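Two complexes come next, and they have one chain in common, subunit A, joined by subunit B in the first and subunit C in the second.
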Partner chain A sequence: MSVYQRVVDWIDLRLGVRDILEQNLTHYLLPRNINVWYTLGAVLLTLFGIQFITGILLLVYYVPDTGQAFDSVQQIMNEIPFGWLIRYLHVVGSNLIVIALLLHMLSVLFMAAYKTPRELTWVSGFLLLNLTLGLCLTGYLLPWSQLSFWATTVATDAAGAVPVIGDDIVRFLRGGAMVNEATLGRFFALHVMGMPLLFGLLVGVHLFCVRRAGISRPPFGDGYVPRGPRYTFEHEHHYGGIPFFPNYAVKDAAVISFFLVLLAAIVFFWPTLFMPPAGFEPADPFTTPEHIKPEWYFLWAYQTLRIFPDKFLGLAVQVAAMTFLALLPFIDRSRERRPARRPLFLICFVAGIGVFVALSIWGHYA
Partner chain B sequence: MSDPSKSPPKRRAFLVTLLSGLAGLFAAAVLYPLWRFLSPRKGTGEQEKVRLERASVPLGGAHFFNFRGGPAVVVQPQAGSFIALSAVCTHLGCVVKWQEENDEFFCPCHAGRFSPRGEVLGGPPPQPLPELNVEVEGDQILIG
Partner chain C sequence: MAKQVIVLILASVLFAPWSALAAESSCVECHRPQPGALGDPVGQWEGSIHQRHGINCSSCHGGDPTIMSMEAMSLEKGFLGVPAEDDIPSFCGSCHAGVMEDYLLSAHGQALGAGGPHCVTCHGNHAVELASLDIINRDLCTRCHEYGQADEMKSAMAKVDDKISSLQEETRRLRKLGFATEKIKNSIFSVRNQFHQLFHTVNVETVRSQTEEFSQELEKIDQQVAAMHQEVKNRKLLGGGVVVVLGAICILLVLLRKTYKDEEERVHPPGPPSMRP
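Showing the complex of A and B:
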């Protein structure tokens, strides 16, 4: 008997790990018509893992002080061996995460996987999307560049549109009247500790929901029939399906590899793709750079604020759109999941993507 | 052509070897930058000498200073004679104190004692304090 087998036997005797692995890997059956879009969860877990590791590594040299933050980032980029690689992986990775999150959300929407009994999975996922955007926003300030400073100024200023208490919210977010040392301190604390802790907790809730309810069957093919109403909890089994390991794990690995190659390609060949020139100048609170724009995934919100003459109205439209998305499973209550039989949904789906893209492009060139 | 039913073990072994090799390469590609990133940096001036004012070291007294990232001390036991030593106790790495009244170095952690030349006088230190090269240039002392 090999040493490896003896070690596994020893652990198995105490913890029954073989049973756990069988239940969750080889005997965990997935629908036969499962498609590539279901791999995005694994892709996101991988990308978040990279963010977590590169984030800890950056903390080794980063100094969260307005007088030293920019220089410490420059030191990471220019003096620390492979510092540029760690930082660009973190920067580019955050953008790829937003792309993967949007694709994940769109696929769940298209296949109506948010419907009963998966409302909690959807809501926890939607909260994770917002928390990710919060992580992006707070992380944006940390290099203390012109881009960091003014993008944060514009982003926090948007909260001022809330009637009566708007100015107080802005002061609270910034820790003062303007973006300053206090803003850096609170954004740093949120970015490296507060939000990641909450994020980890929410990922746990999300995965628990996914595993407990069971993977939703893709609503395609002749054999698909919408499930009837249920009055007691029931895990969705897929008898006769394919095992998660090795069949689907290989597909997961392939798509994860694709994203890793994409990440490496951008980091090595176009590292400044997501970093305008203002990101390489130290913050100057007395000089606003021209044409300062938020990151691409906030452009739709930025342009919405510009379209409406009243800032509050612009903010209200954004809040309404996000609330609608968050509560979608409770609004769209029909049991039909097949896209071809949901024409109204399909029109809204395509129009929604169109509006998002159009506003983003408009915001970019405006 | 051999029986396809006999080939899988060989094929499997080949694939396992290939994938293990690729995994090893990938791990090396990840671990090497990580190791370099976290390795202590060669600080600027690691080979540089430290220049002190001669007047900063009183006769019978000691002057502590930073030498290439670590604490060091220079003493003047007799007029015009300077001795420079590492101030890190060779027992467990605490920084020694100069006791002018006893004319010796004392480590407050475990009562190690050293002479002005760095020799062990008592206590647990296993080795003397490493001596540093000293040159006197006019009113300045050059150490290192």
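Showing the complex of A and C:
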């Protein structure tokens, strides 16, 4: 008996790991018509893993102080061996994550995977989306560049649209009237500790929900029939399905490596794709640079605020839209999941994407 | 340069509070609508290098730009009026002291008041632009004498001038890629200012010998910039390798997935799955 086997045997005797692995890998069956969109969750986990590692490495040299933050980032970019690589991976990675998140959410929407019994999966996923955007927002300030400073000023300004207590909220977010040292302090704490902790917890909840309910069957093909109403908990089994490992895990890995190719291509050949020149100038509270725009995934919100004559109305519309999305599984309660039989949903789906894209482009060029 | 900086700081200390009080100075407000020589300066000055660096009417002419009456131009408020031709070098030289020194010692400076050109002859008074060798041209210089020596100077300086421009352009590009170019930018800027000042000696020999020194200084900067370019290339090379390897892995995995898929279809031909418990 090899040493390896003995070690595994020893552990197995105590923890029954072979059983766990079997249940979750080789004997974990997925629907036969499972498609490529189901790999996005695994892509997200990988990308977040990279963010986590590069984030910790950045922390080694980053100094969260308005006087030193910019220089410490410059140092990472110019003096620390491969510091530029680590920083660009983190920056580009965050943008790819948002892209993957949107795709993941859209595919879940399209296949109506949010419906009973997966409401909690959806809600926890939606919270993850918001938390991710929060991580992006707080991380953007840390380099303390002109871009950081003014984009954060614009973003926190939006909260001022809330009637009566708007100014107090802005003040609370910034820790003062302007974006300043205190803002950097709280954003730093949130970005490296608060939000990641909450994030880890929520990912756990999300995965638990996914695993407990069982992966949904794609609502396509002749054999598909919606499931009838349930009155007790029941895991959705896929008898005669394909094993997760190795059959589907290989597909996961293929799509993950596709995203890694994308990540590497941007990092090495077009690293400033998501970093306008103002990102390389130190923050200067006294000169507003021209063309300061929030990141692309906030443009829709930014533009919404601008097209409504009243700022509060703009904010209210945004909040309403987000709340609607968050509570979608409780609003859209029919059992039907086949897109062709949900024309109203399809119209909203396409129109929603159209509005998002149009607002973003408009915001970009306005 | 040091003097310029001090003057700049002084100017900003003196004028900043005023400009903060009134968005537009009284000088500009009252002169803009006036016809002819009284109003023209405003339009010419707007967009000039001086206006962009916060040098206002009163920075040059004196006076008090917060008073909205003729009182603004009283002697008690330090109004200097319009300088006579002979006074122009010192008028501009209050800020451009180094240039003035070189100029006054030069053949041009010596001939001031006797047919020699002064600052405004070459740079204009209100529409002053960033200085460049384009100012040395046949039209301007042959107004008073042959173009020969002018041309010699221009060609002697052209190479360094081009080098400075291209280095500035390159550092801007590198900066947008995240390189720390602040130090290099400053040294180029200081070389540039000293170099552009050199012309005012209008002495071909001085210009030639000093141009050589400037060349050597630029050579050092050039090496630093070249090192950064090399770094950019290295990164792309490394990136090419990484992308190819990852791409290959991706393709292999896709092929592997295909073999599994074939196997799945052999075991269970496509069609409605059996709902075995």
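Here is the rule we go by: the second predicted complex is superposed on the first by the 366 of 366 C-alpha atoms of A that agree within 3 Å, B and C clash if a C-alpha of one lies under 4 Å from a C-alpha of the other, contacts with A are read in each partner's own complex, and residues count from 1 in each chain.
Operating definition for what follows: a residue touches a chain if its C-beta (ideal position, glycine included) is under 8 Å from a C-beta of that chain, and two chains touch if they have at least 3 such contacts.
These numbers were taken from a predicted model, which means no experiment stands behind them.
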(Q) Looking at the superposed three-chain arrangement on subunit A, would you call subunit B and subunit C a clash or a fit? (A) fit
Q. Between subunit B (first) and subunit C (second), which, if any, makes contact with A:S2: first, second, both or neither?
A. neither
**Q.** First, second, both or neither for A:I80, with subunit B first and subunit C second
**A.** first
Q) Of subunit B and subunit C, which one contacts the greater number of residues in subunit A? A) C
**Q.** Which superposed partner A:S257 touches (first subunit B, second subunit C, both, neither)
**A.** second
Q: For A:T272, select first, second, both or neither according to whether it touches subunit B, subunit C, the two together, or no partner.
A: second
Q. Between subunit B (first) and subunit C (second), which, if any, makes contact with A:L57: first, second, both or neither?
A. first
Q: Classify the contacts of A:Y239 with the two partner chains as first (subunit B alone), second (subunit C alone), both, or neither.
A: second
Q) What is the minimum C-alpha distance, in Å, between subunit B and subunit C after the two complexes are superposed on chain A? A) 8
Q) What does subunit B use to touch subunit A in their complex? A) 33-34, 36-39, 41
Q | Residue ranges of subunit C touching subunit A (in the complex, touch as defined) | A | 175-180, 235-236, 238-240, 242-243, 246-247, 249-250, 253-254, 256-257, 260, 264, 268, 271-277
Q: Could you pull out which subunit A residues touch subunit C in their complex?
A: 32, 74, 77-78, 84, 87-88, 221-223, 239-242, 246-247, 250-251, 253-254, 257-258, 260-261, 264-265, 267-269, 271-272, 275, 277, 280
Q: Could you pull out which subunit A residues touch subunit B in their complex?
A: 57, 60, 79-83, 85-86
